[in-house]
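Each structure below is given as structure tokens.
Two complexes come next, and they have one chain in common, chain A, joined by chain B in the first and chain C in the second.
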Partner chain A sequence: MIENKIGVISCSGEECLGGTISRLAVRKMMEELKPGMVSTLCLPLFIAGDGGEREFAEKYPTIAVDGCSKCCAKRAIEKYSNAVAGSVDVAEIIGEAKALEKPLSTRNLTDEHMEYVKQAADKTSQIFDEIVAKSV
Partner chain B sequence: MSKSICVLPCNGLDKCAGDLSRRVALQLAQSEEVALICPVLLNQNRSRYEKDLEAGDLTVIDGCNTRCASKLAGDLEIAIKEKVNVSEVAKALNIKLGVEIREDEQTQTVVSAVLEKINSSAADQAASEFIEPESIDYNTFSHGKFIFKVPKANYYFNENDCWVTVSGNIARVGVSDYVQQNLSDILYVDPPEIGQEFEQFDDLGSIESGKAVFEIIAPASGTVVAVNTGLNDAPELVNESPYEKGWLVEVQLTDFAEDQDLLHDCPAYFEFLQRKVAEIDV
Partner chain C sequence: MSKIKVIPCSGIGKVFGLLARESVLMVTQEKCPNDTETLCLAHVVTGDDEVVGKIKGETCITMDGCAKCCAKKSVEETGGIVVKSHKVPDFMKAHRGEEHGTGTYLTEDGWKYAEELAEILVEDVKEIKKGEN
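What follows is the complex of A and B.
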């Protein structure tokens, strides 16, 4: 089993609403959908090269969850570690225009936004399950 | 339109402090004067923020002591005007942040304190009583491609390469030419608070380049009465003029006669530095 040894990286999410959604989707994976089964990797730390984040992504399958089509998380993993095991682009789920709206603080999120978070988290969870299934 | 302030939060996701850096940044970005900088996009495509960075002063918000945002600015050689560390602010408030991301009264208190720290202007400082000498003569020696200079008189050094020079009961503190050459381009000076009392060999702020952070070790005991505000806009003065325009802190001395016993005067430091440079083969 490689559960607990699957990483998830969210984009930093400062540029757009898609980033806000991607961050929350990763938190939802960690806290609700797959608690204790995934390791979240901190993208700024990953880029700084500290904390063992790059080494983890080199050794274990890692899923990138990006807020928009710039795919910062996916590109960072591929640049510094390895090919991603899977990727989610929030813009593909909620639409590019919506994803590029202004980022929000979590306290300003509406039910509609939370539904986007759920969809992005479900998609990430589905990729997680596929990786686990392949490894068995 | 270019903004006058750029805010670079660490945006960490795996600790509460990182999330708070984002919350602070988002609140600051509600002002039209503030440009929000995504650390990851900055790393990937600096040109995206080039205009904002040219026009505005950079404020960095680090979540924890890994200081990812500061390191990123250092790696990209972007000068930092102001810096705040969420974990340190929380610690000063006696609030434990932990890993879990939460929106409660405690985290809001930290966010408010960080915002207050960023928004508060530098504390008022009295007009300087330090009388600058008309000119300073230097001794120099070279080692390999490096030329090191040390004043000929009136400066006292600890073995951490920090100096103090005295004018009445007021003194200025700074770092030696050796330090600035080791650090290379200084990007940020983190001064102590005005009014802070300190003992000889206490920490007295830090200076930071893309290569390292250097803790300033107080060469004498006293109270901070002023900081060199010129370094906010031009930290490179520490490189260009480490013993004069690049002074760091002005202090009211407590007992310099006693502190002096543990310091090198200029000729002694000159010899000390020659030995040190030879030993570590700079």
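What follows is the complex of A and C.
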């Protein structure tokens, strides 16, 4: 089942709101939208190269979820492993200015932020479904 | 004098990464906003010139979520001077048996633990600032 072999890497960037949203969108994929169906890879460990993450992304389709247009997760996957199977740029969903606002503690998230998380997670889920459909 | 860089790991799989992240946000946004700032580890690890310029030769503190110490290693490799480094599990002894939450949310005990980690970072900041004066 390819569903168990699709990776998702978020940038989880600590400098901007987009990073906060990217992290929570991937957690939403793990816990609500595709529970047990995605492998979440840790970006710093992926780049360090000693956790098996790179090998996973070389073999299996991997989706990058980035918080801003620097697209660090996407670039890292393409540099060290393979072309991404899909990518989500949170800044394209919520706007660059909003994405570059200060990062937030999870205790300060509002309904507006959770709507951003939903939109980013839904986009990631849509890419996931397209990958599965192509593999059948 | 530039601000001290306090950098957590971005670990997403377990609660330790979130504890690292929340403790650093407490320090940089609430407890020591004038003396500290954080940098995006995802950007640091790309080694882009822009981020290297921000971190090279700068005083840094890292808070990692696991023994892989990705934040510490990445900051050092990018030229940051890590004067203090911590791992969330190192302070678990006094918290055995507690449930701290997941990579998505912290429980009440989790927030208390994050607060404790933040205070450890605050003491580091004070010590570093004292040495500068």
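Everything that follows uses one rule, which is that the second predicted complex is superposed on the first by the 135 of 136 C-alpha atoms of A that agree within 3 Å, B and C clash if a C-alpha of one lies under 4 Å from a C-alpha of the other, contacts with A are read in each partner's own complex, and residues count from 1 in each chain.
The working rule: contacts are C-beta pairs under 8 Å (C-beta built on N, C-alpha and C of every residue); 3 or more make two chains touch, one makes a residue touch a chain.
Keep in mind it's a predicted model, so treat the numbers as computed, not measured.
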| item | value |
| --- | --- |
| Simultaneous placement of chain C and chain B on chain A, clash or fit | clash |
| Chain B versus chain C as contact partner of A:L43, first or second or both or neither | both |
| First, second, both or neither for A:V26, with chain B first and chain C second | both |
| Touching both chain B and chain C, residues of chain A | 10-15, 19, 23, 26-27, 40, 42-45, 47-48, 50-51, 70, 72-73, 75-76, 103-107 |
| Partner chain A, residues of chain C touching it in the complex | 7-13, 17-18, 21-22, 24-26, 29, 38-43, 45-46, 48, 68, 70-71, 73-74, 102-106, 111 |
| Contact footprint of chain B on chain A as seen in their complex | 10-15, 19, 23, 26-27, 40-45, 47-48, 50-51, 70, 72-73, 75-76, 103-107 |
| Contact set on chain A toward chain C in their complex | 10-16, 19, 23-24, 26-27, 31, 40, 42-45, 47-48, 50-51, 70, 72-73, 75-76, 102-107 |
| Chain B - residues contacting chain A, complex | 9-15, 18, 22-23, 25-27, 36-41, 43-44, 66, 68-69, 71-72, 101, 103 |
